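Each of the two complexes below includes chain A, the first together with chain B, the second together with chain C.
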Partner chain A sequence: MQLFQGGSVHTFLKIDPRTKLFLLLVVNIIMINGSTAGAAAIYKPILACLPFVLLLTGKRIVAAFVYGIIFAMAWVTDQYLSGYLSGGINIVIALVSGLSTRWLPCGMMGYYLMATTRVSEFVAGMEKMHVSQKIVIPLSVMFRFFPTVSEESGAINNAMRMRGIRVGGGKGGVIAIFEYRIIPLIMSTVKIGDELSAAALTRGLGGEVKRTNFCSIGFGMWDILMFLLGTVFIALYFLL
Partner chain B sequence: MKTNKIDAKDLINVGIFTVLYFIMFFISGMLGYIPIFALLIPLLIGILGGIPFMLFVTKTNKFGCVTLMGTIAGILCFLVGQSWISIPFGIVFGFLGDIIMKTGDYKSWGKTVIGYAVFTDWVIGSMLPMWIMRDVFFEQSSKQVSGEYLDALMGYTQNWMLPVVMVLGLVGGIIGAYLGRAVLKKHFERAGIV
Partner chain C sequence: MGYINVPFRNSVYSAVLSAVMEDKMVSIDNVSFTYGRGECDNGLKEIGLEIKKGETVLICGESGCGKTTLIRLINGLIPHYYEGKLSGGVLLKGKQIHKLPIYETAKYVGSVFQNPRSQFFNVDSTSELAFGAENRGLEYNEIEKRVIQTAEMFKMEELLDRSLFQLSGGEKQKIACASVSVCEPDIMVLDEPSSNLDITATEELKKMIGIWKAQGKTIIISEHRLYYLKDLIDKVVYMQEGEVSKTFSGDEFRDLSVSAMQSMGLRPLELEDVVKSKMISLPTGGAELKLVDFEYSHKKGGRDALKFSDELVLPKGNSIVIIGHNGAGKSTFATCLCGLIKKFKGVVKDDKVLKNKERLSKFYMVMQDVNHQLFAESVLEEVLLSMDKPDNKTAEEILSSLDLLEFKELHPMSLSGGQKQRVAIASALASGREYIILDEPTSGLDMKHMKEVAQNIRSLINTGKTVFIITHDIELIIECGTRVVHLEKGEVRDSYVLDQKGIKKVWKFFQDSREDNVY
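Up next, the complex of A and B:
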């Protein structure tokens, strides 16, 4: 489990993190709220193609196609079949497809943002948007911490399996299985966190001076295009 | 040495505990994929989230930290594709919880329980689109959606369900706070983490 990328990322389209955030917001507002009838039945699927295309440019081919196929199936079910469905399992299918048409594009847009952006780039973008340090520092700590936590969690899981504390292992109930994993995880995370604070303070985090950032980000031609595209969709959404 | 201003160490703590809180959120959310359980998410997140949250409050007892945690949890929800409504909800409920705990100076147990219960209700933000969606379905219903599907959806998102979900969040928060304190006593104090 990793949010954002540690190393450099190769994409065909180099888009500024701020543009990606804007597009995520656009997809979010339009896809989650609002109907799928009338004019929305036309511009919503077009907007849903945006994460697909962007994922392709980010070389996430498999993810792009899986998303495309699921969304298409959900859209068809939601638009044309849901009126004819009846009976328990079909209602669940209709509900799932109804939810997928709304949430899946946002999820994939978020995935694109994280899969093609480095942590430092994201932080640089936040700083250029003049987001308070009180938000930026915890966020960057979080992005650094997700891989650490999943690594720790894997190690703890192995240890507990060896002791037989697992589903079907015969030792302890559900609560013990949960407790014996979560408590050590919290303990080790807090300890690592204390060490991280000490290290970060030594390196001048929280000082008076403005910190510099290695990543150079800025708007280019594609960013302008994407902003125009997003604005057009927002205008369509509010006017139609 | 102890000041009331939030320093870098507190901010790092906010980051760490939001990760832990979010893992609990994730576990509860997994159960929410089963449609009937979706309405139980606030209850579950309240109970599970209590464990990291109580430790968090004992470690950083300064005004603003809980607000920041709510804000950042909201932003993270937005980044993984939940509705943007999560962000204002995270800020508002985080702030409310913060104020309640502040009146008890982060030491009064009763105030902490109520504060955490209120804080838990920020989760409603990510569920709110379900209710907004329902009205949209109503609009559409004359045209194409009909039959049992609509009935199921309507039954699922009655207006009175919203307060029920909020109350579930509060109850979950209270249970979680007690669970968190029990865990704190059983494990963390003994280990010398607090």
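Up next, the complex of A and C:
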């Protein structure tokens, strides 16, 4: 498991992480409100196409089409079919389609952000937005720790299976098994964390000079277009 | 031969001296240190040491002799990160280290640590190389220039822009060395840098240290494995119980006899000496274990894939050493063999065919990182947990056979690395399993503990167990191996008995690995 990407990312459209964050915010503000009255019935589905297009440019073709199809079905159901059904099924269908139209585009924008942005780009983006080092450094440690925790957890899981420690295996109750799983995980991540802090200090982290960031991010033509697009949608949302 | 080197100069004199004579890089003057937490970490007693500019210094001695503490003193982690009681002075180019904040010390001293997994701060390799330079606030263009230069110098362009989590241990350690190099410090300290590396990666490490030496860097290395440093060292500091017991010049150290090295508890400088000393008797006859269709890969085309379909017959009651280059499939082989991979379809035939699930209760793997497999609150409980029918008396017998009885009430996590590993072996014994797999059991162990592990393996075979050992440690192979399986690119390259002829083959594999530095 890893939030954001480690190695290089191939996309057709290179967008600055700050722009992606802005678009994520725009999609969230507009889509989560469930109203589809008036102009919203037109600009919402158009906005919902944005994650679809962006995912295509990020070479996440399958994810893009799965999202596109589910959203289209949910939208059609929500808009045109829910009136014709009745009873329990109606409630379930209305609920599923309503939730999908609201949350799915937000989720996919988030997925796009994670799938096409490298950790270092995201951190550079935050530094350029003048987010405090007190937030940036713990966050970068967190990103670095996600894969570590899942590696460690996998190894511990293997060890437990080999020793025959499992629920219902006769070796301790559920709580004991939780303990067997959690304690080594905490122990090893604490140890890694301790060694990591020592290593980071010997490489000059925490000095008085302002850190630079060796990661080339910056706004280009597409960023300007995306900002304009996002602003238009926000204006539509608040003015109409 | 060596002489006792405890110069008692007062710090004022020393400070003046260092200021005047520029070639003194590090001078440690009558330093004593005790850790504040009162843990098992070992302190230092009245250390006196001078290191000149451009010297390559080896610090050696048994585990717990204070090597690591001495390294921490030079890179400023003591007293700023590891707190405790410090007396005496450490001068770095004439400056008192304990008065400098660590980020200042970091400009002069670059550190490489033991564990490649826990010393990188970023997720991708290029950011990691740039990290130290970023912390010093260097300009973008300057960082770029240095990163590219460093990558060229160490011939590692192909490692740029990669996720560090996809790299092998050796590649990670290469990144660690390079990222220190980007900051261009005058002094490099390395704390047991080869502990988790295989033969080929150790050879790469040697080359990197060689490049630093050619650049005129002052290099200080604490290490158990000595052979790869043979041609590099100018000075050797031998420590015992927190004191500098002897110092040698490089030539004096290279001239030491095999027995002198052994009596100091040091691993050999010349591995050919080890190969000559093989003594173990080979078990004869007995039942066989048959392996067929060992084909598995975690990811399509991923590294460490396994693909041999022909039958591999192995005699039981042996200690079977699995060797091969990095990515040859050794660890995949081990996890498949003990039944941990559900999708694995290969056949393991004992008296009858053993399915994955059955193998889980017949095989026991002692993992490279034993921290992953110790769960209980005391050593005794740990052993009892492995038994189908917990029985205090048998458990205590097992503990006493591994010299662990005195620790039975302690928490496993409070023990040293070697002791933890013995606890894992104890629980393997308690489980009564027929097959025991050890994954790199001696990485980072000193001579004494390596011999202990070898002794434990020999006694496992004597009780009729079959032991598989994945290792790069030729000393361990010679000490306790009886059979070799050589994997390469997922296939069985060779499988032979470890008699005199077998030893020659292993030795050849080892030498080939040293020469062919391709991962």
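Just so it is clear, the second predicted complex is superposed on the first by the 215 of 240 C-alpha atoms of A that agree within 3 Å, B and C clash if a C-alpha of one lies under 4 Å from a C-alpha of the other, contacts with A are read in each partner's own complex, and residues count from 1 in each chain.
Just so we're on the same page, a residue touches a chain if its C-beta (ideal position, glycine included) is under 8 Å from a C-beta of that chain, and two chains touch if they have at least 3 such contacts.
Treat the numbers as computed from the prediction; the structure is a model and nothing was measured.
On the superposed chain A, the positions of chain B and chain C stay apart, so the two partners fit side by side.
Once the two complexes are laid over each other on the shared chain, residue contacts for A:G218 go to neither chain B nor chain C.
By the touch criterion defined above, A:T202 reaches chain C but does not reach chain B. By the touch criterion stated above, A:M187 is placed in contact with chain B and with chain C alike. Residue contacts after overlaying the shared chain place A:M142 against chain B, while chain C stays out of touching range.
Here the apex is the CA centre of chain A, and the angle it makes with the centres of chain B and chain C after alignment on chain A is 90°, in steps of 10. Of the two partner chains placed by superposition, only chain B is touched by A:L113; chain C is not.
By the touch criterion defined above, A:A155 lies against chain C but remains apart from chain B after alignment on the C-alpha atoms of chain A.
With the two structures overlaid on their shared chain A, chain B and chain C come no closer than 5 Å at the level of C-alpha atoms. Contacts of chain A with chain B, set against its contacts with chain C after fitting on chain A, overlap at residues 140-141, 179, 183, 187, 191, 196-197, 200-201, 205-206. Interface residues of chain A, counted against chain B in their complex, comprise 3, 24-25, 28-29, 32-37, 79, 82-87, 90-92, 94-96, 98, 102-104, 106-111, 113-114, 133-135, 137-142, 145-146, 149, 179, 182-183, 185-187, 189-191, 193, 196-197, 200-201, 205-206. Of all residues in chain B, only 6-9, 11-16, 18-20, 22-23, 35, 51-52, 55, 59, 64, 68, 71-72, 75-76, 78-84, 129, 132-133, 136-137, 139-140, 143-149, 152-153, 156, 183, 187-188, 191, 193 touch chain A in the complex they form.
Across the interface of their complex, chain A is touched by residues 75-77, 80-81, 101-107, 109-111, 113, 115, 117-124, 126-127, 130-140, 143-144, 147, 161-166, 179-180, 183, 335, 338, 340, 360-361, 363-365, 367, 369, 371-376, 385-386, 413, 427, 431 of chain C. Residue ranges on chain A touching chain C, taken from their complex, read 2, 4-8, 118-120, 140-141, 143-144, 147-148, 151-152, 155-156, 158-165, 171-172, 179-180, 183-184, 187-188, 191-192, 195-216.
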